[in-house]
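Next come two complexes built around chain A: one with chain B, the other with chain C.
Take a look at the complex of A and B:
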């Protein structure tokens, strides 16, 4: 089975105290942020590597970004991907339609029985990309996949609905799935894997290599500006050393009749 | 401007909660723009749903198809796209549910219509549609506009649009949708329900809830101890289940359980909206997290910015001490 895994790089803002919006008002100041592979995409790569181990075939990792995005491809190679392809274009603030058009064009050129995406990204979280690409490729898709069994010609998937309910489908290949967290336990990457990955060559393609003109990409959603969210009422903060804070909180819990 | 169309999602013959939220927002936008609010529902046995939609909508389009019992993305898209092409609503509005995540992106490609998902605000300014999205872990808002387009598709975040009851009597228009060809490549096999486990977190008066910030599986023991002195149980957010540290029956949030305890004590929980929708009914919320900007602090009553590994042992000992004194 030939698999294509589409992955991206994101700034880790989960524990960042101060996020600043830059002078353009259309981006955040990123120079102090640490970048990493998108959380969902770790599950994508693990699932892809497991399928390849079971069913053979090729595994190609694809990303769209400038050269510092190579690190997510190296990671994919270290986990077991055969090939890494980077489309050298900054699309981080673009309408998802634009990114989808680029990826569709790339995927058409690679053998693909199964195309995998993360269900969403940590940074913008629109959760649109995979299903858009599927429609452009005219292949069936399922999003938010938390269970996957694959055979040569078809996959059985469980996708997540709300409140603990799953929706089950059998889908004929080629197909596109977006993978949700928790579907597997992503492996740790060995030092040997990283060394091997550094030796493999990455393919870099430009839009013109893909015969895509920037005009044809035509964004339909425009970013007007970024803002910091209005400060809500918020919690009453209990300050002091851990012992003092714990003591105050104990008193509050006692006074409200919790115990 | 032409109308606003709300796509209604239903399961087991009743409308999903998010539909009422979208109808309320849709009604407000339609009134502001002085256009019709349309609602569309597709499937079998949809009369009751259609009647309910007519309380908000000026016109309900009930698309009947006996073979479409469940709201499945593929067939829904097939039924919707010709309808949208024909009626040309300015805005197609739906809740950002699992169903919409499966359908809206491909619908937008098919219609070549712009799509903004998971919006926390939608407004009309001089006839232009503007949306706000919450990005970077809820720490930044992005405001978007749309390129010129007959129709834009917008999905709204669960819980962001208050339900305002409405008592209209809109018209219900029934149409037949015959075709169900072309779905052999994607066969619906049924629903699976999560198996009931040993602990029902929805019944607990006190929940000590752990998130990614708990860092290691062994630290859950500490949360168990805190829960024990408070006569509560331990629940969690999604990452803790993803890592295999707690079973999914303990998960609070959109894909887990909705809880309404007297006390919800979050340890290392950041407060992503998917989690918050499941716990905002708590009478009192306390959050302990080392990230001062974690969104959980905007919904909590009390907060401690600090390291849970330091604060929680202190908390256990102070509570035990005080309980010992008062017996």
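Take a look at the complex of A and C:
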């Protein structure tokens, strides 16, 4: 089975107060931020590697971004991908449609029985990219996949719906799936593994290699302004020693009738 | 699948599970291996772990998450090395670390250990907190950035990020200021020392941290280092020379001992307390420094120092080593080593349990709460006790 895994690099937002909007008001200040692979995409890679180990075939990891983005491809290679392809184009200010067009063009040139995306990205979180690429490739897709069994010509997937309800489908290949967290337990990627992956070659392609002109990308949505949420009213920050704070919290919970 | 390149393949079979590794040096208790004390199953003792690792290396058992947890429950406390009568005892902890390294390379480690190592890869600390916040502990202390002072005060991850550790880091800074020591810190530019990273089996990440730290220290002209944590002390004193980093490294208790004996630090204010001292593994068994912290405590008027039954090279580990202060494979039970240790401290009649390690401090303070001994036993760092004697709050 030939698998294509599309992955993204995102800022580590585990501590949101280090996120600052830059002067353009359309991006965040990135100088001192630490970047990482998108959380959902770790599950994508683990699922892809497990399928490849079981069924054979090829595994290609694809990303779109400048050379800083090589680090997520190195992780993919360290995890077991055969090839890493980076489209050398900064799309951080572009809409999903533009990225989908680029990825569709790349994927068309690679053998693919199964195309995997993360269900969403940690930074913009639109959750649209996978479905959009599937439509452009004219192949069936399933989103929010939490269970996957693959055979030569079809996959059986479970989708997670409200309140943990599972929906099951059998989908003929080629198909595209967007993978949800919890589908597997991603393995640890050692620094030694990443260093060894530095020796593997990455393919870098430009838009012109893909015969795409920047003008033809047609963004359908334009970002106007990025802002941090205003401090909400009604939130009360309890301060003081742990014992006193706990007493105050208990009182609030009782007074509001929660307990 | 057998482990082809396991470094200790030719010696690991020599353990015949005599069981000495479970005891302290005075043989009073069979529970001196912290993981064995917690689970009371042979598989969790040093000998049991070695037999399991041997079976895995030989392809007789497969890797499983449970097996990984058993291996990672080793706190690298070195009690086993102290007690093992065989000549291969010098490598027992290394044998377990080598098994962890193999799991790291395969990517098959307990989820909490994965989180620890990924956080260090990204943010240079196990908590995953931002590098931009590493220096926040020192706000308002007047502690200076390192720029050629006599000492680099290396704080470490626990002292930089853990609320309780930060308090100790600040007090030690103030004590050093009071004694007129010329020192500076790295603040946000400080990085993980790598001691726990190595004991979790991530050798390449440790090498990178050691190389980066050595390069940074050398570029700043650092010659003398004083550390808050015995874990940092161990890495910098014993491992960094292998990375061309030969610094004059002291644990803070050693520096305080000489400051007091030289008359540079006045502790005549005294502290009225009955104190028992818990030896941190990375100061005690790993570096055989048992007396400096005790001498510091004995020099303070009003302190009566009494010993627990298990002390010095026979001390019971708090259970926080080998990254376990974060990955926490030994918690959640009254048999957890930290809870056993605070009960032992309480039995001495002491009202203060003194520690000289921020990891032990957080582990044992949590255990005091779990044992509901807060009114009877207070866990304090030696730096804090010295601070009190100097009138520092």
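Quick note on the criterion: the second predicted complex is superposed on the first by the 231 of 259 C-alpha atoms of A that agree within 3 Å, B and C clash if a C-alpha of one lies under 4 Å from a C-alpha of the other, contacts with A are read in each partner's own complex, and residues count from 1 in each chain.
As a working rule, a residue touches a chain if its C-beta (ideal position, glycine included) is under 8 Å from a C-beta of that chain, and two chains touch if they have at least 3 such contacts.
Note that the structure is a prediction, hence the values are computed from the model and not measured.
J.: I'd like to know which partner A:187 touches here: chain B for first, chain C for second, both or neither.
T.: Second partner only, chain C.
J.: A:243 contacts which: chain B (first), chain C (second), both, neither?
T.: In the superposition, A:243 contacts chain B only.
J.: Considering only touches as defined above, state whether A:66 meets chain B (first), chain C (second), both or neither.
T.: In the superposition, A:66 touches no partner, neither chain B nor chain C.
J.: So, A:15: does it touch chain B (first), chain C (second), both, or neither?
T.: both
J.: Applying the document's definition of touch, where does A:220 land relative to chain B and chain C: first, second, both, or neither?
T.: first
J.: Hey, is it chain B or chain C that touches more of chain A?
T.: B
J.: Could you look at A:30 and tell me whether it touches chain B, chain C, both or neither (first, second, both, neither)?
T.: neither
J.: Is A:200 in contact with chain B, with chain C, with both, or with neither (first, second, both, neither)?
T.: It touches nothing on chain B or chain C.
J.: Touching chain B in one complex and chain C in the other: list those residues of chain A.
T.: Chain A residues touching both partners: 14-15, 18, 185.
J.: Which residues of chain C touch chain A in the complex?
T.: Listed in rising order, the residues of chain C that touch chain A are 104-109, 111, 113-114, 117-118, 121-123, 128-133, 202-205, 208.
J.: Which residues of chain A touch chain B once you look at their complex with the stated criterion?
T.: 11, 13-19, 21, 28, 95-97, 100, 119, 122-132, 134-136, 140-144, 156, 158-172, 175, 181-182, 185, 218-229, 231-239, 242-243, 245-247, 249-250, 252-254, 256, 258-259
J.: Sort out for me which residues of chain B touch chain A in the complex.
T.: 16, 72, 74, 97-99, 101-106, 108-110, 112-118, 130, 133-147, 149, 184-194, 206, 212, 229-231, 238-239, 241-244, 248, 254-258, 262-263, 270, 284-287, 290-293, 297-307, 310-311, 314-315, 317-319, 322-323
J.: Which part of chain A faces chain C closely enough to touch in the complex?
T.: The touching residues are 12, 14-15, 18, 32, 34, 36, 79, 185, 187-193, 195.
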